[in-house]
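Common to both upcoming complexes is chain A, partnered first by chain B, then by chain C.
This part shows the complex of A and B:
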């Protein structure tokens, strides 16, 4: 028997969010842990650039690598590269002490864009999102009201927010309320 | 209708006349009026009844400090707000407001009878009178007092408005936009940082709005204000927030502010938020919150028409409203004269000027004479008359604290000026210390606790020249044409010829506290202002004593004959002014009030009639009733179906943690009681986790996926706690271990199949895993594919039946569930919820952490010594297991209970006794932890924790309940299939 199971991210965005909030399609996501002293060699061996400072991001094609801790990276990539990456990591298993855990379906990604993007995030997130303190390319963990988030600034007026799957509808509802209250934007 | 307007005065928009209604009557006003100015313009002074005595009350002030003029603001169903200060309510065409705390009407109020029986309501009245009989409090006294007590009714309809919230950041936050705030903003906006300027009023300008005659740098005040605002508006780095009240000042320059967005708008926009809660983090906070004029405390100082001098000035200059035709002034401070001069210059008749002081400066005398007025020095007001508005007053000359003569003076308005109280509320919220300033008779900011400065009147700096200089960091860029602010004396108590027990000289207008009440409190032994406050309720009303605190303090100090500093100071607490619950919630309502985590399969459960229950932040399907079934019937059916054929259960909420690294097994060995080093890849083990105290903290089945990788499961509610504790040990205790943790709770959707037909259903869908029991035994885990997607397939059972837990990436959870459910029809597959899961596990004697354990249960207590690795050197909690109290006899142990009458289902939490005939209080030997009807066994079963319970097996114990005492037999906690044969059904 052959089956094709339907993927369901568990959140639907209201029409009024069009152009301001987008739900990102299925992504490949890994939590990658490796000690800082092994970072350079690991990068060389597998070709995945890892940022060297917490809060930095490296983008290569579809791949984004966020450094969110002294030895902690979130890697987001094209789902078609699943097997390639898996093999890569397997090959490196003997050479490096590191950990990869698939969190592709744990997280949901939102893209917020437009002039009001930062303001929309600030309805629930206490970070200062001015360009001076949160420049393009910066990422960090934070909270959005009761949800833990990973926030990344793509562009001056574009952010990516990642949260756990079951918190996504809660956040989407906040965005919806914001857009309703700010119709004219 | 314009008899009380001065055409030459005011900032109101006379081109925009509007209509509004108060107590059902329609009046006219202009755009720009407050409800207070609009009512005064229509000659209405009586607007409220007081809290306790139901005395007629009018407007005391023109600002947010108003204690008297509280009204109900009605915008239709779900939009009724009571206790709104008429002085801050902006008027719009069609506004509807009512007076409060009167019945049947404002003019004829039955409750006013309290005023004649005042002797029955002394300070501490409630504390003294309603002490007995004690049982009367809840049912008789409290409801009656609540009904009688003042203020408006609580809303009964759901709030129809929306609310919003926003975090903001700035380098400089300026609170207050009077001359000091504006000057500070002008200088701050020149620097690169972001500036936010906030003012509680609808217009920026603060006191400048009421003083158009001043000039700043030779420019008239209003023009200067306009110019300055234009500059600020033109700056990219400046945010101006009007109609915004800073309600609290918290740690690290974090301030809460509520912006009123729609209350002043004529039309209701369903989508627009009514109020927005701004949560602001500021680099520096500049407080320019000004000062509040102090009333004077004399007999009957609360009649409508008796108001603060500064209020009359605001009504005249800002609103073009004349508050009386014959106005008297009673002052102890020079600033009162500025008001009377403005009024006289506007052509208003002045009845008399009374100054407590025996001398007034020559300048003032001259300015008074120029206007044809005279000052009565050493004169106080000893009484007022007039039913609904003041009609006359008694002016008494004093000499050496004694009244020498008294004259009645006709007037229709009496202005009071008792000096000024700096508004140090926000500074105090931030834990800045205050110091007593004798010449002001007030506290002013001393040492700040945050990066903040206070400027202007809130810092005790008065006089526009000084204020502007201070606001501009000591530079004197501003030249101001301003009358000298002058000085005054503190006059909190006055001599009287009347019986002090019979006069009512109000200190706290809103809570109806009089000078006499404070003196009584002191006589009854209360010496500290904190105690006097609680005893008399002075300063405890919704205005937090903005106009009364300092007078209360001075009167108390006078009564105890001590300096004010020794009497103490009451604490200021947020919010600065009353705040709506909607604003405090900041838009968290409905779906955003609280996170409800839902599993990938939740939607299916919802579509199929599940009844849900909350478990931690999750909602879980509790049972799936069919037509006509109650919970018991549904659960009985679900239990039977699972035991007889096949049940399907959503276990996605189970906490999951991936433990990875070369030292993963060592880490597991240290965290859990069980041995892990020898567990083979592809095998599972039940893991038991203890706290340092040796008590059971969490449990779950753990699979070893590879030498260096474990798939840990935790309880649903315990997941965050377990993860945090693991990270804590990993990072701080054992940094030498090469191991990492990742929460994977939400990576996997988990479908549990339980029942003799579980394998048969599963087989056709699985690829790459041999389900044959020899190669895939109980407590094994395999990786492969199901319906084409990757799976971690566990053969485990929490029901005692043949069981599988299918982990698939979460987004495929529902689709897989639907495939299995459809295919399972041939086995009458039955979806079941948490309730059936609980019954099935209880039949097998499996504990639920948090239900059968309560944080004081050791593994030995729970009969789980088998889960402790005997040869292990150490694990978290091991040392505690040898503690004398943990190994002592007499600890509660987990046992099973079988009621004598099999139809009785015990109550969970019920207490257990050995001898029901013992006199009360009986010795309680334990309690019921889990109790269910077991459809499988056709009788009730229960688990309990009983002192030395295992030794009581097969003996009887008793459970006394309200209606009868149940006799119960103690048993082993395993009620069903004790040999575990059902796990191996082929």
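This part shows the complex of A and C:
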């Protein structure tokens, strides 16, 4: 199996009893840095809701905004909105001090689903993914083996996992191996 | 696995997400030009290297990406407490 990631986006990498691993389709991704005192004014000016606590996520249609640090957000949206968002941010540039970086091509997203999804992440990541400490809707940055990841729990048995493009083939093989080894589960 | 409480995330998180960043509460001299080579070298390199309770900086590198301070026992590796940058150092319980 080869991993030419660009052409494989949107395809299912492994679909076995233990779980399903999908490489997500192209997304628009932004890294946003906004001081907490400007958060409300920023939302008012451009209509993008920002969570106010680390680990929280806000979902509106295709848009997901993750709060990963006191002033740091990751925004994932429909790629059709690339120009619209770019223009919005440009209009705000003289109103607030903030930073937006287009990281669409830096990251790759995996969707892991099935009742073994949490276990699949835990082979490489020591976070406690029980529902009590990691409820549906929570997000965080962490590590998978040595690769930095962003984990988001969509549903009880579904996670979205973002990582840098260069780490993706390595992680894809890890998941594939897990699925093969746990086929009987 | 060692769990470290990040004062920004307000959670106990796996040690692998953190990196150590040296002794805490060492202020950079306001006017480095006024310092002798000896006192500049002292600021740069000389640390207390304490055996026992030690105030130190940590970075939640693969988490919220914030620096914070901790009080850790260098003998037992036990974290007594962690606190945000800018907060006063907690007193050592005798």
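The rule is short, and it goes like this: the second predicted complex is superposed on the first by the 166 of 185 C-alpha atoms of A that agree within 3 Å, B and C clash if a C-alpha of one lies under 4 Å from a C-alpha of the other, contacts with A are read in each partner's own complex, and residues count from 1 in each chain.
Here, a contact is a pair of C-beta atoms (placed from the backbone, for glycine too) under 8 Å apart; a residue touches a chain by one contact, two chains touch by 3 or more.
Everything quoted here is computed from the prediction, not taken from an experiment.
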Chain A: partner with more touched residues, chain B or chain C: B
Chain B versus chain C as contact partner of A:126, first or second or both or neither: both
Partner chain(s) touched by A:105 [first = chain B, second = chain C, both, neither]: first
Partner chain(s) touched by A:43 [first = chain B, second = chain C, both, neither]: neither
Contacts of A:55 with chain B and chain C, given as first, second, both or neither: second
Which superposed partner A:113 touches (first chain B, second chain C, both, neither): neither
First, second, both or neither for A:140, with chain B first and chain C second: second
Which of chain B and chain C A:70 touches, first, second, both or neither: second
Footprint overlap on chain A, where chain B in one structure and chain C in the other make contact: 126-127, 133
Chain B-touching residues of chain A, taken from the complex the two chains share: 1-10, 26, 31, 33, 71, 97, 99-107, 119, 122-128, 130, 133, 145-147, 164-167, 169-170, 173-174, 177-178, 180-181, 183
In the complex, chain C residues that touch chain A: 1, 8-11, 13-14, 16-17, 62-66
Interface residues, chain B side, partner chain A - complex: 162, 164-169, 194, 271-273, 279, 281, 587-588, 590-592, 594-600, 603, 617-618, 658, 660-662, 738-740, 742-748, 764-765, 787-789, 808-816, 819
For the chain A and chain C complex, residues of the former touching the latter: 54-55, 68-70, 72, 126-127, 133, 140-143, 148
